[in-house]
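Here chain A shows up in two complexes: once beside chain B, once beside chain C.
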Partner chain A sequence: MLKFIVKRILISIPIFLCITFAVFVLSNLAPGSPADVIAQAGNLTEEAYRQLEISLGLDKPIYVRYAIWLGDLLKGYFGNSTTLYAPVSYLIQKRIGPSLLLTGTSIVLATLLAIPLGVIAACKPYSAWDNASSVVSFLGVSLPSFFLCLVGIYVFSVKLAILPASGMHNPGDESLGDLLRHLLLPSLIVCVLNMGSIVKQTRGAVLEVLGEDYIKTARSKGLKEKVVIIKHALRNALIPIVTTIGMLVPMLVGGAVVTEQCFGWPGMGSLMINAISTRDYNTIMGCTVVISVSVLVVNLLLDILYTYLDPRIKKG
Partner chain B sequence: MKKLLSMMLILAMTVGLLSACGNSNQSTTAATTTANSTTQSGGNETQPAATEPHGTMVYALTNSWGSLNPYHIVNYTGTNVHDKLWETLYSIDEEGNLVNRSCESYEVQEDGKVYIIHLRKDVKWHDGEPVTAADWEFAARLLADPAVTGMAGKTYPANLSGVDASGNIVETEPFGLVATDDYTLKFTLDNPLNYNLFMLNYSRFYHPLPKHLLDGKMTGANFVENEFWLNPVGCGPFKFVSTTPGEEVVFVANENFYYHVQIKNLIIRKVAAASLASSIISGDIDCTTAVDLNDLEELRAASGVTVRKANQTEYVYCHINNALCSKEVRQAINLAIDKQQIINTVLNGEGVPAETPINPASPLCGVDCTSTRDVAKAKELLAAAGWDSNTVITMATPSDFREDIALIMQQNLAEVGVQLKLVSCDQTAMQAGLKDGTYQMGMQTWGMHYQNPTYFQICQTPGSSINLSFIDYDDYANYCHQIDAAQDSTELYNLVQEYIKYMLEDMGHIGIAHRNSYAAWSANVINGPTASSHDLSWEWTVKD
Partner chain C sequence: MSSPLEVKGLRVDFKVGKNKYVTAVKDINLSIERGKTLGIVGESGCGKSVTANAIMQLLPKGIGSIEAGSILLDGQDITKCTPDEIRQIRGKKISMIFQDPMTALNPVYTVGNQLIEMLRVHQKISRKDAFEYSVKMLEKVGIPSPRERMKEYPHQLSGGMRQRVMIAMALSTEPEVLIADEPTTALDVTIQAQILELINQLKVKTNTAVMLITHDMGVIAESADDVMVMYGGEVVEYDEVVPLFENPMHPYTRDLLNSIPRLDEDREELYSIKGTVPGLADMPKGCHFSTRCTECTNKCKTRKPPTVQIGGKLVKCWKYTDREDTTDE
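The block that comes next holds the complex of A and B.
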């Protein structure tokens, strides 16, 4: 197992370099630069603009800038934000907690709701339950997140006035209850958006397994249907389900971009959107590092988890 | 005597132009004149505190404001935050008048080249130390240090003598800002400025920095990245408590401020434009000055919500590449656009057609700036200019109401044989595309013009980083320099008329509309912000 983990980590290094290089190049190729953003706010002379470009390192070729950035990263330095003028590590530290809270809650909720719904749909195919789960899946997959956010705010904050429309806390109230009130609506919306894929995957995987011979054997042994479904069918269908949930991890770290924007949730998503629109390369790269490392780590953990879920993989 | 009379005329002119007027019961000014200098002294004495600061106001902005460093400005949203934390010489009231802050009185010498500012003696840093003239000089010298780069704020010392055009100090010359004693500042300028423009230029964006905390610790080299900005000690009406950079700043009332601050807690928060109205109606947000015109009706109909029209408009205009489009073509394009239709349909009737950056309603605008669409004349001009109808002009617009305006322009221009290709992008991409010639036109907005008739000159000056119409002649700059230097109100008025006439003739950029701005307050607000920046925040009050 140790050999496997070391091998996976070594494979992850070039993948990480490819991801960061691609993002670095793409963000630098987008029209405009941090110097242009800063110059928008004042009447910079050509000389001042040139000085600004030099101070930001924009006078150097792109591969040199990437090498400098990578060198700094190896020393643990993410650079400074060119628009917020704070260390990128400080900005990420401030934003990652709220993002993990919002997306973590919604993924847990989505998992807890979607797996039973998918299993029931698989056990009773083409029934009312199945149709209901299909509707939920399609809604989750097809509804734009901004639409759900605006509907949610209109209904629960404006019309019913039972949930807050923005922020993480009411002014001066740092209590857990207040936090949960603010968390409820955005996390439910992100939950609905993610449930679709989990329900569909669960339904399909469990339905496939239910047709296997060992399920018939289990039933013929007189096992209770509940045991057959949970212990034999669901257990064997877990690999694709876990993979689907694992695919949500980038969002867990990167934040639910649109939802965070709509609800004024101070997470990684809104930090990234702001960084992209202001060509804040250091912040874009800082967020990329955090997201890509977490995705690579989670993929490694998923691979380890697979061996526990399906011993055949271990043997292989 | 002549000078005395002219000075009296200045004072008699438009209230907002050359005098700092009173506002409510706390901010009044009085003016006196002397033979050799003009002195305007503030009567803004500290009012006895009627009640303790109370309640919390959540103030929403739709753009991120960058840093708490008042000289690092990525957009003008930052001024909404900075003037709460940092002291300024003057502030601006709801009517656009100057209101004394740290400037208690001033003298003008050498026909506007020298300004002596007498500072209030009761201004304190939030750690209790007094704010002195040395703190103001310290900030200006720090900003003008050549090691400080990447700061839009470096524009502001550029008018001082001893500072070059890029805002860097010239060691061989005396620095143009000196603390002559603990509470007196002497500004020496390269070119004369009239009082109003001096104050508009220097009061709003010029702030002191705490020399007693930063001397020797903050240098030009670490000015940008200094950790002080993450936990700043300011001197404005509100004290810093905490921040999530770019998302939220929490302030608490500065009870030692020389005006009585009425709100206990002020929270400035970034809120998405799409959910702003809902947040005001639900009471999660107390106020905003960035009301979307499409939300106006909903806000007006909402129970307890107050909607206030601001006494300033936003100028909507198009940069047009002068190198590619001759004067006749620019004039034709201007004549072909149905600006009234744009206002009626896109802006819901909230605005007036614009021909120049100066609002026709301004007391400074005496020239007929009526916008009339004339398709026949536009065609005539294009024919005279030899316009090839196969030529395609690419115009960029950020993804907001400007996209809708661009669609109407596209139809209007097609009628006269000008093909407009529209590209939707973000603000930065538009500016970059205009700069490198990818786009020949781009639509911008500008919401900071108050009473300054030359506010737009940086878009008309050759060599400026935001002269995106590529104006390569000095005519605009020359007009503006003359206006800036005019000390006599009649001369000022006449020069502004000449400037307007020149803009109408040259059409260096295309004006579209002066768009109305609105503020909205939730039921919790008794008195709140009305304009996008530089409100008198110490006068704001909430119920709880």
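The block that comes next holds the complex of A and C.
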């Protein structure tokens, strides 16, 4: 097992380098630079602009800049934000909590709702239940998130006026109740958006397993249908379901970009969007590092989890 | 002797489309005595497994249904039982083992877990007692170092061992009837004989009635006391095993016996019955076997043969009767 983990971590290193290099090059090739953004504020002379470029290190070729950035990263230094005038590590620290809270809540909600829905749909395929859950799933997957956000705000904040439309707290109110009230609507929306794929995956996986011989064995043993479904069918269907949920985890760290924007939620998503639009290279790269590391870690954890879910998958 | 299992006039229909049904098996009559084996033989698609699944009430929900007849277990008609009552009969009074032991055990649970589960569904027994009893069962079916095997997963065992586990599981609740649906088909030839021998031994020891489904006449010769030959969803011949082999009357039974390769004859090519079993929807109007029968007459093509009793034998063929009527219809 240890050998397996070490091997996987070693494989992860080149993957990590590829991801960060690709993002670094792409964001640097995009028109405009941090110098341009800063220059917009005041009228800079050509000479002053060049000085600014040199101080930001933008005069060097891309690969040299990447090497410098990587060297800094190894020392634990993410650089400073060129527009927010703060260290990137501080910005991420401040933003990652709210993101984890919002997306974490919604993933837990989505899992708790979607798995039972998927199982019920699989037990009665092509029934009214199944069709209804299909329609809801497809709506969730295909509706644009900003649309759901706007509908949610219109109904619950404007018309019914029971939930706040923006932010994490009312000014001056730091209580838990206030936080939960702010959290409810955006987390429900993120939940609905992601539930569909889990429902569909659960339905498909359970339906497939229900056709297996050992399900017939379980029934012929005289087990209750509930035990047949949950202990024998769902347990075998868990791998694709867990994978689907695992795929949502990067969002947990990266934040639900659009929903955070709509609700003014101070998470990673909005930090990243602002960083991109202001060509804030260091912040973009900082977010990239956090997200890609979390993806790699989740993948490793999933692979370890598989060996527990299915004893046929060899450890090591 | 009492018959723990008796089936009378069983008919099963399958739904093939909206309001479209085909009859999968019809007029099935059988009974098995304690400690005896009834062999059911026929090609694929003759309704052997459907009969077994109907008895277990494990027909696919919403597709297959029992349309007529009764299944008497100790005199109680289980076609009239509620799903809850059926659940208590399954595994307790009738157990079943399946064709492919590689897929019949749940891959994510240990052998022990699945054995203990079987015991604990049907009786109040502690986990520890169930464990010890399961170890004993594994020992009984000839699994070496059973205590270690309990902690292993199905994929760690060979096919023969897994079938032994299935047999141990099926017999652990001391059922009255054991249905074995092609229990040796997926196994190595050398293992086949061992498994059959094991079933035969345990049948006698536990006084269980066994229903053995197979398409292999050799298996029948080795294990069965009575034989029921099925073709196209119907019983074409029913007799004790020795007279059936000595004096097969139905042309289909004869063809099946002729298909067994013999060591004492030097033949270039093996005998085989021409054609295949017709689909359920395109069964001929008269005798179901008429499309492949070498002795087929005009009467066979248009009218259903009656079941004729000759001594202890039942045979469904026009050859053995002068009657012109079709009593079965």
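Throughout what follows, the second predicted complex is superposed on the first by the 314 of 316 C-alpha atoms of A that agree within 3 Å, B and C clash if a C-alpha of one lies under 4 Å from a C-alpha of the other, contacts with A are read in each partner's own complex, and residues count from 1 in each chain.
As a working rule, a residue touches a chain if its C-beta (ideal position, glycine included) is under 8 Å from a C-beta of that chain, and two chains touch if they have at least 3 such contacts.
What you are looking at is a predicted structure, and each value in this text was computed from that prediction instead of being measured.
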Room on chain A for both chain B and chain C (clash or fit): fit
Touching partner for A:K200 - first (chain B), second (chain C), both, neither: neither
Dominant toucher of chain A (residue count), chain B or chain C: B
Which of chain B and chain C A:D310 touches, first, second, both or neither: second
First (chain B), second (chain C), both or neither touched by A:R235: second
Contacts of A:L150 with chain B and chain C, given as first, second, both or neither: first
Superposed model, angle subtended at chain A by chain C and chain B (C-alpha, nearest 10 degrees): 160
First, second, both or neither for A:T45, with chain B first and chain C second: first
Smallest separation of CA atoms, chain C relative to chain B, angstrom: 49
Chain B/chain C common contact set on chain A: none
Touching residues (chain side chain C, partner chain A) in the complex: 56, 58, 87-92, 95-96, 98, 100, 103-109, 117-118, 121-122, 153, 155, 166, 169
Interface residues, chain A side, partner chain C - complex: 212-214, 216-224, 232, 235-236, 309-312
Chain B partner contacts - residues on chain A that touch it in the complex: 30-33, 35-49, 51-52, 54-56, 80-87, 90-91, 94-95, 146, 149-150, 153-154, 157-158, 161, 164-167, 171-172, 261-264, 266, 270-271, 274, 277-279
Contact footprint of chain A on chain B as seen in their complex: 56, 58, 64, 66-67, 69, 72-76, 78, 149-155, 158, 165-167, 224-225, 229-230, 244-248, 265, 267, 269-272, 274-275, 278-279, 281-285, 425-429, 431-433, 435-436, 438, 458, 461, 463-466
